[in-house]
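Residue numbering begins at 1 within each chain, and the chains themselves are lettered A, B, C and D in the order written.
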Amino acid sequence: MVVILKKNAPAEQVEQFQSWLAEHYQLEIHESIGQNCTLLGLVGDTTRVDIDLLQAMEIVENVRRIGEPYKFVNRKMHPQDTVVDCGGVPIGGGHFTIVAGPCSVESEEQILYVAQRVKAAGAGLLRGGAFKPRTSPYAFQGLRGEGIRLLLEAKKATGLPIVTEIMDLSQLPLFADVDVIQVGARNMQNFELLKELGHCKKPILLKRGLANTLQELLMSAEYILAGGNEQVILCERGLRTFETATRNTLDLSCVPLIHELSHLPVMVDPSHATGHARLVEPMALAAAAGGADALMIEVHNDPTHAVSDGAQSLTPDAFDLVAKKVFAVYDCAKNLK
Amino acid sequence: MVVILKKNAPAEQVEQFQSWLAEHYQLEIHESIGQNCTLLGLVGDTTRVDIDLLQAMEIVENVRRIGEPYKFVNRKMHPQDTVVDCGGVPIGGGHFTIVAGPCSVESEEQILYVAQRVKAAGAGLLRGGAFKPRTSPYAFQGLRGEGIRLLLEAKKATGLPIVTEIMDLSQLPLFADVDVIQVGARNMQNFELLKELGHCKKPILLKRGLANTLQELLMSAEYILAGGNEQVILCERGLRTFETATRNTLDLSCVPLIHELSHLPVMVDPSHATGHARLVEPMALAAAAGGADALMIEVHNDPTHAVSDGAQSLTPDAFDLVAKKVFAVYDCAKNLK
Amino acid sequence: MVVILKKNAPAEQVEQFQSWLAEHYQLEIHESIGQNCTLLGLVGDTTRVDIDLLQAMEIVENVRRIGEPYKFVNRKMHPQDTVVDCGGVPIGGGHFTIVAGPCSVESEEQILYVAQRVKAAGAGLLRGGAFKPRTSPYAFQGLRGEGIRLLLEAKKATGLPIVTEIMDLSQLPLFADVDVIQVGARNMQNFELLKELGHCKKPILLKRGLANTLQELLMSAEYILAGGNEQVILCERGLRTFETATRNTLDLSCVPLIHELSHLPVMVDPSHATGHARLVEPMALAAAAGGADALMIEVHNDPTHAVSDGAQSLTPDAFDLVAKKVFAVYDCAKNLK
Amino acid sequence: MVVILKKNAPAEQVEQFQSWLAEHYQLEIHESIGQNCTLLGLVGDTTRVDIDLLQAMEIVENVRRIGEPYKFVNRKMHPQDTVVDCGGVPIGGGHFTIVAGPCSVESEEQILYVAQRVKAAGAGLLRGGAFKPRTSPYAFQGLRGEGIRLLLEAKKATGLPIVTEIMDLSQLPLFADVDVIQVGARNMQNFELLKELGHCKKPILLKRGLANTLQELLMSAEYILAGGNEQVILCERGLRTFETATRNTLDLSCVPLIHELSHLPVMVDPSHATGHARLVEPMALAAAAGGADALMIEVHNDPTHAVSDGAQSLTPDAFDLVAKKVFAVYDCAKNLK
């Protein structure tokens, strides 16, 4: 971190400031006096330094962070790719898979049927929402505990590990047999939840918030890793922008960027990102070619009668075809490397 | 709600679709056959209709919502302004006040001093963070339960009702003596929390998320009102945009818009919105002139040593001046009406 | 277009409004009287109807557009793909190519060398900036007329058709021998320029503005087609969002969406979109897999000494590899279809 | 500007880099060697340094700009407020005015009537569009030369100086008698136009682009001032964000921020920013209280029959009231300072 002091900063205040910095944050300070300004290089663990606070000080002209504000998720600290073990299915470090299933678990018949179909098409994990965050209090809120029970039935029947979303800390006991716990986009900065999941022994699928930067996503993952849980998968599912032709704007460039900055695997969810079933295939192929470690795709037995997100779900037949193409493009791109 | 059907939609499917709509959502359907398309007018409570689902159906060309998807927060259902009683201090319906205090409660001495100063300057409520949502796991996370205890001490000493933020449902018992419970921007769509607060008898201060539309804010308030709690204040604190010169972009036009759409009072928080102490005064004056029912302003005894958000806090002396000007401008604008 | 009238709209005003609509816009009006509101279906060419104006009228509750506001770019009017002939190289309708070259033309030696290298790597067209839009008046503004002369030299030497950007109408005479005229993102809504290019017989490469919707992009293309020039290629080069980790956010989902809405070919420019040379390869592969008809990639002989956009340029050696992979992934994805 | 070099940057390359920097940009270099990295402080005119280029170099870890990239618009170079003389009406430095008139000039009768009414209400300048940038090629494009003639008639009749928009350089000769030339939001980065207006002797009203940062706005003004024309007024008219309840999101906090960074006056246009006539009053009052030097407000004799932007125009009667309130709030806020 570099602090640029104002030209006319009184020597006494500068000295006092340096002592405070050194002591308060346990840092080493390197002073460099130029013609127009004095630079202070802050060496040590600057993750705790509050940039806004320094910038508000009278003698400070400007502050610039050089290093990243995260440690455990940083590739510099952990150069090799993390491979997350999702109930026996690995994700990351060259292991690619597709997570598929309906937005909401609706009935035993539905989830069993979809599970069998997505397994047959090559999916590695089954997804299905039991607790559903819905903008409207009048929309279907999920089968909740019963939904998890049905997912476990589907797991028993097909052998597919399951992924499902937690909405509140109080629901955690119900997730004992779930293979991967999903933290939804709206909860990406639910810090109390993240802290608790840091003490949990299960893989966490952390979805990026609609308006969160990559750095904020990595900081939220840092909450989990700092608690001791290193099994985290990051998931891009679209940003909120001014464009209304798609539900969100899929930020695919975050995939190679996260791979640079962190060792954690990255999943892409083209269903939620675009909101349109007919855009899922091209964006799934793009993600597979662009380096994603996994895809999450919504599949519903009867999209026009789905109780949530029907518009973006594929039929099992359509998914068969998309999965086949995705694996082919992923292999093609991988073999070129 | 209007559903536009495709030109060549088979009559049989159209009939089936109409029956399904009527039954599934308990609606009355008005058909209007034009040269190029058939329009269906849906009459009744359309708040539960899933537009995305309808749009995904093969015979549907397009769907347009006409009414609003919320009821209890809708001014059409409740024409007169709601006045929220915040521990004896009214907000809304012509009652204006300033909520002031530090971002974080840091010590008894600090919170008592600030409480006395903001009271003397004319503030109606005291704010102070006990549970602090922080992007970094390494940043100060608040005094938590102890913070609430100190706020109650300050309340006892000054008589100012207190506002403080809840971060998780499990903290609710600690809020028994708090006057107004704040739901932070990151929790605006924490629906489990909102549902629970709907059963609570206290005023709720609901902050707009950084990337949430006005309609989503109203839908989140609807969760609380639908649960039976009508004491809700909405708070604008800036949107996340491409502009980086300010922390966020304050969306002041939401104030008159919310007043049109809803009966709930609107607070503006220029401190969080701008992130710069020196922008607080002009934006506070703008909000007061533009129709806000209340302001929330950060005041800290010693901003350069604040443990959080020091850069945007006013000193008590600066707040004296800002408060004086704010009341003068508010009165001037009000008397013109 | 559907106009929803207010419940209590006086019959006389409704009648007057209908006559005005019919006459002013030459439309047929279908009235449908429901219990709660009256719907007017507007049939005919509604592209000229000013929605904002209708919405401002007292008796109007709401207005919804059903059709698209463009004609000539609409796939409904022109179902088969347009193939644009770029100086002998086709783009669109299954013809894929890469446009490559430096951000700015800097010298004869530079442009000749780069042209030879990108041709050898398989590029179909040469790009190079002669007129450069730069945020700062102190930055390099391009070689201007001399730059175009050098591009023509490179064309003569290699046979590659050339693409270069026009910044102002007054420069048009200098573009007589240019194969494809590029309209930059900042000029996407320079309507006087678009009108003039509509009368021109050359292919136009129209880049999407940083903050323009897909619909606005199509409307700008409509200006050109309405003038009589149907040779238009649309180019996605990233949106301006809150994310600062990349220069812009590449909106790849616009590729399949434009293919649905329009018959015009779509190019993707991963260099400008990401702003980082090391993100060009993954995003180029993603675009090729996701259905783009062409790519634009910046290649510079010596990126660290480029006078503009060096940070995002590939070296010729790096481009060799990227081009090879792009063609392989494109072929793989195409053969799956 | 500070350049942070990588830990292991070879001494020889560092030396070479320093020589190149010093020579290429004519800068003085201050080296500061720390434990983890080497900092280079760049002293001199760094406005021309290409940050992206430096960042792409192998030995560079990071680059941070400290100073602003503009000179002539910088308040540091010109501490006192610029007062722009708009045909006899001053704007800036404590001189406040309202610019009012219709979006488009439609007829002699219309513009004369509106001019008389806004003058009577206290407006200082008359606005009216002759050349109209419209998203659709099928929308009204303005009366063009004839529109300017009618504005000059209105000026003769009322004495109000006139403001109107230029869309292309070729139109400049028609602006000989216009008092203030407006550059619209879509042309904010039409650099060829800005350069030419730098050589012109008339005040320029430069509107901020929908997706342009404050810094880009100041850089565009720098183009004009660098050419020798210091009579520039900046105008905020809303940003493009994800919020669709208003046409754009008015960024009022840019007013005090520009006043800090620059000496140029700032106008606010609540009509275009909000797009709704009924939001004009509260946002006009907010702008007046928040420090704007001028307002631009659309007034039309018959908004429901306006050929453009009727939805956001006030009637002359409504404007009478708004103007009265605006002047009262402006005076109240000013007298408090």
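Criterion: a residue touches a chain if its C-beta (ideal position, glycine included) is under 8 Å from a C-beta of that chain, and two chains touch if they have at least 3 such contacts.
The structure presented is a predicted model; accordingly, all values stated were derived computationally and were not measured.
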{"item": "Chain pair with more C-beta contacts, B-C versus C-D", "value": "C-D"}
{"item": "Farthest-lying chain, centroid of Cα atoms versus that of subunit C", "value": "B"}
{"item": "Separation of subunit C from subunit D, taking each centre as the mean of its C-alpha atoms, in whole Å", "value": "26"}
{"item": "Rounded Å distance between subunit B and subunit D, as computed from the means of their C-alpha atoms", "value": "31"}
{"item": "Distance between chain centroids, defined by C-alpha means - subunit B, subunit C (Å)", "value": "39"}
{"item": "Multi-partner residues of subunit A (each touching 2 or more other chains)", "value": "211, 240-242, 244"}
{"item": "Of all residues in subunit A, those that touch subunit B in their complex", "value": "47-48, 50, 52-53, 55-58, 69-70, 133-139, 141, 167-170, 186-187, 189-195, 209-211, 216, 219-220, 222-223, 226, 240, 275, 277, 303-304, 306-312"}
{"item": "Subunit A - residues contacting subunit C, complex", "value": "211, 213-215, 239, 241-246, 249-257, 260, 273-274, 278-279, 282-283, 285-291, 324-325, 328-329, 332-333, 336"}
{"item": "Residues on subunit B engaged by subunit C in the complex (per definition of touch)", "value": "2, 4, 28, 30, 32, 34-37, 39, 41, 43, 61-62, 64, 66, 211, 240-242, 244"}
